[in-house]
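These are the structures, in structure tokens.
First subunit A sits with subunit B, and in the next complex the same chain sits with subunit C.
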Partner chain A sequence: MNEAKPIGGKIWTMPFLFLTAIVILAVFFLAERFLFGLGSVTNMNDSYPWGIWIAYDVVIGTAFACGGYSMALLVYVFNKGEYHPLVRPALLASLFGYTLAGVSVIFDIGRYWQAYNIMIPSKMNFHSVLLEVALCIGTYVLVLWVEFAPAVLEKVRAERQLAKLNKVIFVFIALGVLLPSMHQSSLGTMMLAAGHKLSPLWWSKSLPMLFLISAMTIGYAVVVFESTVAALAFKRPLETGMLSKLSGLIPWLLGGYLLVRLQDINGAGLLPLAFSGGLQGNMFLLENLLLLGALLLLIYPINRSSPRMLFIAALLIMAGGGLYRLNVYLIGYDPGTGFHYFPSAPELLVTFALIAVEIMGYTWFVKRFPVLPAVKHA
Partner chain B sequence: MRIRRRDFLKGVVSGTALTVLGRPELAAAAHRGRRDTPGALGILYDATLCIGCQSCVVACKKANDMPPEHSGSEGIWDNPRNLSASTMNIIKKYQHGDGRQKDDSNGYSFVKRQCMHCLEPSCVSACPVSALTKDEETGLVRYNKDNCIGCRYCQVACPFNIPKFEWDSPTPEIVKCQLCSHLLEKGGISACCSFCPTGASLFGPVSELLREANRRLHMEPGESYEFPVADISGRTPSQVQVHKAGTYVSHIYGEHEVGGTQVLYMAGVPFEKLGFPELPDESYAMISDGIQYAIYKGMIYPVAVLGGLLYMVSKRSGGDKGEK
Partner chain C sequence: MDDRSFEKVRGRLLGVSRRDFMKFCTAMAASMGLPLSMAPRIANAVTSAKRAPVIWLSGQGCTGCTESLLRPSHPTLEHLILDLISLDYNETLNVGAGHQAEAAMNKSIEENHGKFILVVEGAIPLKDGGVYCQVAGRPFVDTVKETAAKAAAIVAIGSCASWGGIPAAEPNPTGATGLPEVLKGSTVVTIPGCPPNAYNFLSTVIHFLTFNKLPALDDKGRPKFAYGRLIHANCERRPHFDNGRFALKFGDEGHRLGYCLYKLGCKGPMTYANCPSVLFCDVGSGAWPVGTGHPCFGCTEEGVGFTIPLHTQADVSHFTPAAAHPPIVEDQGSAVTPGAAALLAGVAGAAIGAGAVAAKKLGEIESDKEQS
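Here is the complex of A and B:
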């Protein structure tokens, strides 16, 4: 019933060529980075040791890659089997998001040739939040590939391997729910250590919880986004029925999230700071208004059944949720040294290139492998 | 089939639980240092005694093989403006108003900046690969480049922005003061203190430095007193000088900040003016450690959740191929 099918079609389209060009350019800058150091291509400095390669590629990128997580949670934990057709495309997007976040870390860390140190027990520091994040994300990338493997095995008709894999895949599915719950919340815990350097508009003991809820919410938004874009790009029917039912969940998550956020800020007497008109205050307002906008849209069932409104709400959540993370990692972070950070052009280009690879990979897979549900007629 | 799956499930859960619970490190308390142990070493910097001669800056560079930095137009002098990957110790000048009176908020003051060697160091707690460690005996926070992966989380975590990174190197390292640990091992003291001509930078056991600082706080401003110079640890011959006591702000910076530090400060000018942040007594690292520890203690919660998930998923994905 849930048959998925390759959608076929040409790979080397014009957009595909354009994305390839971005990737080739980025490779040159990366070569420079590896030859002359991070300072030669990025604007990161001792005051802003993390730039967009961490804030976007890892922190926001993995949230945008939470579709697979959110769907698995729904289908397997809350037993909503009817959403099954959405799982595989969501997994594919997650697969690329997470894999490339992992790759971007190698570009970013200074002593990448020693990266394997995080796997040496005698060197591991079990108090480090980053250790947990790194190991968790690393394992989850592997889990995602295994979870997605049936699509590849079906394609090559490896029946026996497929049958074998299907017997143990539940272990990977379970890990696929556990691991993101762990590292997505830890991405929030991580910035607790920044202490006074992170504006009180974001520094709060609720960081882990807020990161976890926002990851789930963004996950559902991404599923809506990706399904809509895929339908438009590949001229397939919209999956509005399923999406509108799915998005009935989102107001609950968003409502909970915004309540915790408001309670935190109001409880600490920070509302005046939020309305003080500075960059941080404005970004705080914008971030929450975007999410509030999505909440107000999705509360009404009539909006939930409109593909356009659904899509807009999804965009609002991705923008608001993404901005929240950007604020926690960059805009709200100020070590008070008088230095500032804005990404350099090559830095941005590398980030664009990673997004390009994600889009190219996704397109190639859905055209050649059984990912998207087969269209009944047409 | 069913039975086998259940056995497998049990195996996974108990196996994971055993391997993880077996780790004693996980149960150990955080890297909390103590300054009342006799071995804990540090520095007391007294801004009222500092004459801004930069001897310590030069001595530090020499002792640690650091290249000079130029910030002027001449390019002759080594005059770094800030701590950097080639400057681990610096003397800065605070100036305000007419800038004439030394150690007055409306005048000027010098201030030394370097790693504070925190008792509960955020950098150590942050580092995923134990490249930064707190020495069990001396409490000094040391760096090991063979462990470091260059993630720079230590920079994000340090409340004093101390660790610096070699941005322009293809094989970058983290650079920060290790309190001349290499000299201490040979029975010496840190270069900055041994070359300080006035005793403004004083080396010694932290508990004694704290006692000395309290003695100074009780001095009558303008009266003459004896001040120890360079070292009160007994590692080098003791020296004293007579100085007129300054007017101190009654606060020893580092006594309580973020759980306390082994490098302590006294000054005649409020510390915020000297670039020191106002900090809570609790280390931020302890807060995140605490949350992390509560969730992951012995990995019991994660393993329990995994167990539950395995059960639910195995029940629900079972129907995947056939029925649905």
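Here is the complex of A and C:
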């Protein structure tokens, strides 16, 4: 753990300034949203009560933020200590992903000034899957900050607090594995309730399980992606050795996922629907082709040791897994005749701004705090 | 109630199936607002070997209340209830007549001293010593007072018994009075209505048999489970009231379309009763006065029914029309706008491009390594 070191360098680079501009623009639209309501900024309507802010920022965003979960599961539960250097950067990405998902929910709640009620036990609706998701994600955000706290404590040299935290941190690590297992599957459970409104290409009793497995798979893919991009962006050596070993897991997860997913569709006799040529059918094919492509790439050990193939496979998984979630929450969802939804430009901008904040936060942290493993000079 | 205990009472239920019987008990519990877990207790009370004797006295009335009691359209259950409450005396239903009937009544009253339920139907005239209504040569008021002193519970059924009803309408030549007024000081349950809903009466009696006490009553002695809400509060035509759609004449377009009858003199906003939710005669929705297109005339409300003229507009003290209504045509969302599509496509393209550039760079690093 002591091997991590801040990488230093200038914060206000050109890309950083560009991202700041997007954020400023989004803040303007958010002010409009909070003053004049959701209708003034978004394209949501009575039958599409959620849009891109939930579908991307929360559902896909938290899946992309599952790196911390997947790594904690591997390192602490399966005791694979060799991957430890990957944990802290993965946690950092998760931290931003989840925190911003929580923030995004506040943007999305119509009467946001009532949001605090969800924390009051007497006001809770215990029959709601959404309550489980909300409490679970809320708690997990806190847990993530505690899990990440050692990096901050090391930076400010608060040795006493660090020692104290290290004594109890196992509780938080355990929670950090438990909570995502709960809410990632609940994100699938939630759409079980949509029933016939969700196309049969996605509605299935396996939804919770598929969401959980895909979250884990995306988690590992994100670790590969994030490590590779950090290496390229900050001109650091690639961590290919560790990544290729890690990605040996992915074919198993992905293979299992695709087996369940495709047999689900085949067993229900829905393959003709998938090939019917409509938007939903094509999206179904695209989603599964992307994942199948990644599986075919990663099955061969030779590809797993190539940083380029690894990176492409990680991108395919993130695209396919993300599309799966987008399909479940928006594209495959048809609430009834006459209703349309396509995000408005300001709505999209807010989502881009959240991604920008994630990138900016990540950069700032790795430059100023001990997150990435120190480079050993040859 | 399990099968075995049901077998014991089957003989007295005149062929009612166990399923129908439990359905009846559950419906009774529901109409009184009791938890459904009370249904078995009700079943036990209803089938207990000792049936509660009921003495039913009729004064200045039309026997409509007795008629309505015979109307609950589960025919077998009607028998069941007559069997259940052991109706020992009822002038309309008695088989015997004259001295024979009077003797039976007196015998029952003496045998069941302090145990029977007294039901009074019709008003009681007090003018000139009560001579305007006499049964077996005695003023009705004397019989009522004498019997009431020996009863376990006293029920005034119908509007006449509750406060005087039609006989007490102006100018009230006989001095017709309601039972609570005659029996000042005793608790009298009133089940007003012209006629009252038979289920409100049955529920009250069954509540008494099951729990050995009367249901909660309002200040006019009416069971709260049945008379706790204004008709206006539960009326199926209420949305028309709230939206200002009224029938203005009998047979006009609004009337034919089932609009609110308020402007025809409906007394729903002043009258407490459960007619809109319990309905009459078990024939399905709409089987109550307002449902058939006639304004409520307030028969369960003293000072309204038989007092305020039929077509006088009611006072609306609360439940006034809403100031604003939710929109009927809702926004269904717009199609893709060029700006949004361009933005999304641009960013997606940039992301794919960035991915490709990164992959290319990685390829270069790889080949560099191989060469070195």
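Everything below uses one rule, namely that the second predicted complex is superposed on the first by the 375 of 378 C-alpha atoms of A that agree within 3 Å, B and C clash if a C-alpha of one lies under 4 Å from a C-alpha of the other, contacts with A are read in each partner's own complex, and residues count from 1 in each chain.
Criterion: contacts are C-beta pairs under 8 Å (C-beta built on N, C-alpha and C of every residue); 3 or more make two chains touch, one makes a residue touch a chain.
On a predicted model such as this, the values are computed, not experimentally measured, just so you know.
S.K.: With the two complexes overlaid on their shared chain, look at subunit A and say whether subunit B and subunit C clash or fit.
M.R.: Pair status: clash.
S.K.: Can A:171 be said to touch subunit B (first), subunit C (second), both, or neither?
M.R.: first
S.K.: Name the contact category of A:109: first (subunit B only), second (subunit C only), both, or neither.
M.R.: first
S.K.: First (subunit B), second (subunit C), both or neither: which does A:312 touch?
M.R.: second
S.K.: Go through the superposed model and pick first if A:348 touches only subunit B, second if only subunit C, both, or neither.
M.R.: In the superposition, A:348 contacts subunit C only.
S.K.: May I ask you to name which of subunit B and subunit C touches more residues of subunit A?
M.R.: B
S.K.: So, does A:36 touch the first partner subunit B, the second partner subunit C, both, or neither?
M.R.: First partner only.
S.K.: Once chain A of both complexes is superposed, is A:46 in touch with subunit B (first), subunit C (second), both, or neither?
M.R.: A:46 contacts both subunit B and subunit C.
S.K.: Quick one: from 37-45, 163-171, 271-279 or 343-351, give me the piece of subunit C that collides with subunit B in the overlay.
M.R.: 271-279
S.K.: Do any residues of subunit A touch both subunit B and subunit C, and if so, which are they?
M.R.: Of subunit A, residues 39, 44-47 contact subunit B in one complex and subunit C in the other.
S.K.: Which positions of subunit A touch subunit B when the two form their complex?
M.R.: Subunit A residues touching subunit B: 1-2, 34-40, 44-47, 49-50, 75-77, 79, 81, 84, 108-112, 114-115, 117-118, 120, 123-132, 134, 166-171, 173-175, 177-178, 181-182, 185-186, 189-197, 205, 208, 333, 335-337.
S.K.: Would you pull the subunit B residues touching subunit A in the complex into a rising list?
M.R.: The contact residues of subunit B facing subunit A are 5, 8, 12, 23, 25-26, 30-31, 82-85, 122, 124-130, 145-153, 155-157, 159, 161, 164-173, 258, 277-279, 284-285, 287-289, 291-293, 295-296, 302, 305-306, 309-310, 312-314, 316-321, 324.
S.K.: Help me check something: in the complex, which residues belonging to subunit A touch subunit C?
M.R.: 39, 43-48, 228-229, 232, 238, 306-308, 311-312, 315, 338-345, 347-349, 352
S.K.: Quick one: in the complex, what on subunit C touches subunit A?
M.R.: It comes out as residues 330-337, 339-341, 343-344, 347, 355, 358-359, 361-363, 365-366.
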